[in-house]
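In the two complexes that follow, subunit A is the common piece, with subunit B as its partner first and subunit C second.
So, the complex of A and B:
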């Protein structure tokens, strides 16, 4: 049985509560007027708050030294994705050293919950969560990010280099 | 009969049984790569080591005949340690490219590593590099690095297909699987080598990189590629059907199936299917209208069928026993149709047989059709005789073949059927030849319906609906049901 606690008659004494609230508001107003530099409010979107570089925002597909995608289309990210927002189509590469690569890699960014499991599952550091987080766009904009957007968008400055290099691993005899 | 004890459980087995077979009967798992029930014993992988009491050394269970009073242990620390090191030696030169390997998820190296893995590797030498993605023929790709040299595929080409293409070349850690002078592996059973490969060394070109296996589910059914009726497992997911693999049935197909049977899934997938009713309107200068609900279409067909005087029925042996039963019961039993034609594919090679599995009769249920006809006292006329009286038929119902690839005469025969006044074509696959017909009704493919196929020997085998690809499609039973509703006939 749930016991409902009725509001006490004291709750009707709302005027002191309002006055306390006003006191706080006015205190902040005066403080901000006195020193506008320390004001906590940011004038978004003209001003933007600077998050840490480690913030897990929009995905980045990393590239190899030759600029091609690092992704091997192993689908481990798609397997672990709890939102099922990643869809990959794999294909056979002409180079037998590469063998498998994605011909399409799409993330439905509106379904993504930014849990970062894709980044953790990736065996070759092909997908990372980048620092950008502002996904807002006008209605009808494309929220399904493809390879061009994920790997080669302007913010990536020509592509982010992956840490795992097959050539190097082969040289080391692995 | 010798009696032995494995891990404390006793069992009596026939003379000549090996320990691994006896363990299988007791459901005791013994790790193995090279041992395969359908092949000879190689003893190459050294994974099935077991301890036999009063024997100082560990023995391989696959090649150890049971003797009376034998006491075997498969899971004591000594055995586990030996298997662990066997596995680690297998992995010395293994490239560990599981992320791009198609076998990942059903790989025995992965499975046994979970059970026996040496998680702190002690190997500090460079791996031996071999060739990757070597094309072995039209259907198989070889990765020599992933191969553990169990020689299952070599024994398969030697013992089962008897084509002797594959062999092990070079020595020691340079040993590779290859074909002599790079001749292709193009026998009719080549993809079986992919199935029996315990690792990802042999992969199927058709299935390669299409799906990861953990996204797929399996269901058992019967291959509809020919009258042998091989037992198969069909792998599917929400995007359709992706592959067909053999299922063991010693009465019918043993462990194997042919390469043509691997392609039967293709014509069940959306891109080949008739997705909705197609109606050719007579009033609108022959324009076709698509998408009428099947029930409505059957109502209209029923109306016309009631007025029809001379009805012809054309049957192919690609449907189930239950469907023939319903069809003949209705058309012969109620409507007294006597012109029933049997459309046989490729008469010349109909009775051929390659000695292993492939039969020239490319229909799964020829015996079922013949038996159903016999039961209803129907004389099946050969379809070539249709031409003689084609123009006299004011109604023709055609149960078109599901596997169109094995009916080379489809266009020619359809021209013949078009001579009759109104043709209702019940078909699962789309075909341009059907365009002139008044009605095209989408039929269920063999993976979508329940029923029975009777193979060439007369063995009746059940098929079960495992997947829904075209939701609007109907079986012949449902067609009959729709027609009885609209015509007011009860059966």
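So, the complex of A and C:
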């Protein structure tokens, strides 16, 4: 036999219950109205969320001091990529000190999973995961990012300098 | 009277066009980001997207996220056919866009959403940031009503 305790007569009144629930809502509403700065909502197009330095966003191809690509077309990133979305065409460079360079470097952004393995694999800091969030685009847009987009887009301000410089590496005997 | 009626009709048409009633069909980890976008921290209600709808007959914005296999693809098609026209489709995440990081080709169970239905906006990323999903909604509005949006006009006027 199960004995069910009858609710007390006070609990039958649902209006105090509703008001107790509303108290929390109204408290939040008044708090938000009083100090709009502390509101947790990010007002996206006007206000940007500050990502950490390790954020993995759209790729950046870094450049040397003269503005050409740092990448040496060693294919380590393309081999390492779990989504197999990097395609590189290498070509011989006129300068005898530079072995090869990529004439085309394409990332299929629809297949990329933003894992950052390409950044880890690269021996010369030629590719980095940038600080911008992923770009949504309508159908018919170009989803295969090429060198112009990866290295010289407007957000990069003419190219991000690579940390590795040729002369220093040669001096260290690398 | 006929003038007023036609004005009312355009008004209703514009409201129907710009009010997105979303139906979310999502699997996998992208669900978390979509929930995050719809709730208080990013709040897509600010951009004219209403509460998430359960009935396909009432929704006009389909958001597909996560992996799609054979069984799931039939479900998505069924939902899409029942939805209010014109239907807009946003595909979120690499799984839905290109089956990545799964392999395509022989032996693959995965299907691209774009092969099933017409996708309007692509949101790459695994998972994309909530900002990317919000910017997809902004792109969608730009596509539906070209020219400066009311928000941009207001900002220009305030400056």
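We take it that the second predicted complex is superposed on the first by the 140 of 174 C-alpha atoms of A that agree within 3 Å, B and C clash if a C-alpha of one lies under 4 Å from a C-alpha of the other, contacts with A are read in each partner's own complex, and residues count from 1 in each chain.
Definition applied: a residue touches a chain if its C-beta (ideal position, glycine included) is under 8 Å from a C-beta of that chain, and two chains touch if they have at least 3 such contacts.
Nothing here was measured: the structure is a model prediction, and the numbers come from that model.
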item: First, second, both or neither for A:139, with subunit B first and subunit C second; value: second
item: Partner chain(s) touched by A:92 [first = subunit B, second = subunit C, both, neither]; value: first
item: Partner chain(s) touched by A:20 [first = subunit B, second = subunit C, both, neither]; value: neither
item: Touching partner for A:76 - first (subunit B), second (subunit C), both, neither; value: first
item: Subunit C versus subunit B, contacts on subunit A by residue; value: C
item: Partner chain(s) touched by A:104 [first = subunit B, second = subunit C, both, neither]; value: neither
item: Subunit B versus subunit C as contact partner of A:45, first or second or both or neither; value: second
item: Touching both subunit B and subunit C, residues of subunit A; value: none
item: Contact footprint of subunit B on subunit A as seen in their complex; value: 72-76, 79, 90-92, 96-97, 99-100, 123-124, 170, 172-174
item: Parts of subunit C lying in touch with subunit A, wherever the complex brings them together; value: 40-43, 46, 94, 97-98, 100-101, 114, 118-126, 128-136, 138-140, 143, 151
item: Partner subunit C, residues of subunit A touching it in the complex; value: 40-45, 48-49, 82-83, 85, 108-115, 133-139, 141, 143
item: Of all residues in subunit B, those that touch subunit A in their complex; value: 97-100, 104, 125-127, 129, 131-134, 208-210, 212, 214-215
